[in-house]
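Pasting a structure below so you can have a look.
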Amino acid sequence: MEISQVVGTLYCTRRVAGLEHCPLRLLQDSKGKLVVATDPVGARGGNWVFTVSGSAGRLAMGDKRILTDLTIGGIIDHWDGGATAPTAPEAASPKTDTA
Amino acid sequence: MEISQVVGTLYCTRRVAGLEHCPLRLLQDSKGKLVVATDPVGARGGNWVFTVSGSAGRLAMGDKRILTDLTIGGIIDHWDGGATAPTAPEAASPKTDTA
Amino acid sequence: MEISQVVGTLYCTRRVAGLEHCPLRLLQDSKGKLVVATDPVGARGGNWVFTVSGSAGRLAMGDKRILTDLTIGGIIDHWDGGATAPTAPEAASPKTDTA
Amino acid sequence: MEISQVVGTLYCTRRVAGLEHCPLRLLQDSKGKLVVATDPVGARGGNWVFTVSGSAGRLAMGDKRILTDLTIGGIIDHWDGGATAPTAPEAASPKTDTA
Amino acid sequence: MEISQVVGTLYCTRRVAGLEHCPLRLLQDSKGKLVVATDPVGARGGNWVFTVSGSAGRLAMGDKRILTDLTIGGIIDHWDGGATAPTAPEAASPKTDTA
């Protein structure tokens, strides 16, 4: 699973049947790349989230007919870097508690 | 799901059975790389689209016998960057509304 | 699906059961990287092809017991860049018709 | 499967149903990138682990309802580089025995 | 499928149930990155091999309960670069016959 930040919403009038009624969130991953994800948790712009890809992402929507390959799996409150704190990519740093 | 632009069509006389009657669209992704996708939404050259990969992409064709690993999921009208507008890759910028 | 060029054949005496009787083609992708694919269309050295990955690639062999993750999906005759011709990676340029 | 180091834990109040009761471990891969994995083996901060991705990673949790795409497959004690010792990425070097 | 070289063996006392009795081979891919694969063909250190990923790799083990995402598919004897010999990545060059 990957860490990304929600940066906006995608508007698409013409879509495949399996994605007709899904809000599509625009995310920016740790390298600055924009990706598109479905959102079953109600994330807002600016939220740090983790994403689930592949068939797990599809199942995470709770409806197999939704044909996504990337789903927001949860909103990150914070993380605990522990004793061996990572040199976190700048883009991936919500609130880090270094114990 | 990824953001790409439609840049052309691929012509292939000899193909596997599972892709015989599918128009194959040539897309350019945000890094400038060319990829090939099936197209159930009727995108045209120049359109910005998002793509669905893997088994979700195959199911999005509405016919399991179509053996694609990348399908155009929808045509992008525009996106809303919100308060925390991304530093969008240049290649990935149709119409961006920054509220 | 990705665009590659056939550059040779791989010889392997010892293989897993699911790949025993498959010619294995050596391909070079757009970044110059060598990859290995099964070939149900009879591509020859020098041909430009597109490849199908994952379970779609396995199904494209027409025999589920063939345990490949990359299959040649078709031989590219040429492509039509259209009005918005791509800045094609040099490695990926068979015959391009710019209308 | 990939080699990573456990660097912390992710705290997420709001999650999809399929990941509600799973500790989410923060890992750093060989390129320094942070990724998130479920953990059925009880790894601790600082441990070197290998990860299993995709549907194999989901099945490795022992409960299909857990919707992960990356699972810790085991804790690395050490590895044997053999006669042809690799030029190991610095980030990926727990205890290496070069015979 | 990808080309890699076997560079060692991974020792892990604590593992998930689906990988308990599998030797885990350490491979170096064409970019020098270390990856971990299961081995149904008995490859030895120094051997050049090709690997099968995803569900095909799992099925290639001949036992669905083995939860790998990367399996050695065969040991490379040599390859035939043909008339259009590739500019092979240095790391990926066992014995190349250029006819």
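General observations
Just so it is clear, A, B, C, D and E label the chains in written order, and each chain counts residues from 1 on its own.
Note that in this section a residue touches a chain if its C-beta (ideal position, glycine included) is under 8 Å from a C-beta of that chain, and two chains touch if they have at least 3 such contacts.
For each chain, UniProt lists the protein as follows: A, B, C, D, E = Carboxysome peptide B.
Model, not experiment: these values are computed from the prediction.
With contact taken as defined at the outset, there is no chain that touches chain C (Carboxysome peptide B) as well as chain E (Carboxysome peptide B). Mean C-alpha positions place chain A (Carboxysome peptide B) and chain D (Carboxysome peptide B) at a centre distance of 20 Å. With each centre defined as the average position of its C-alpha atoms, the distance from chain A (Carboxysome peptide B) to chain C (Carboxysome peptide B) rounds to 32 Å.
Residue positions of chain A (Carboxysome peptide B) with contacts to 2 or more other chains are 54-55. Contact topology of the protein chains: cyclic, one closed ring where each chain has exactly two touching partners.
Tracing the ring of inter-chain contacts outward from chain D (Carboxysome peptide B), first into chain E (Carboxysome peptide B), gives the chain sequence D, E, C, B, A. Taken together, the chain B (Carboxysome peptide B) residues at the contact with chain C (Carboxysome peptide B) in this complex read 5, 7-19, 24, 26, 28, 32-37, 45-46, 54-55, 58, 67-70.
Listed in rising order, the residues of chain C (Carboxysome peptide B) touching chain B (Carboxysome peptide B) in the complex are 1-3, 30, 40-42, 50, 52-57, 59-60, 62, 71-89, 92.
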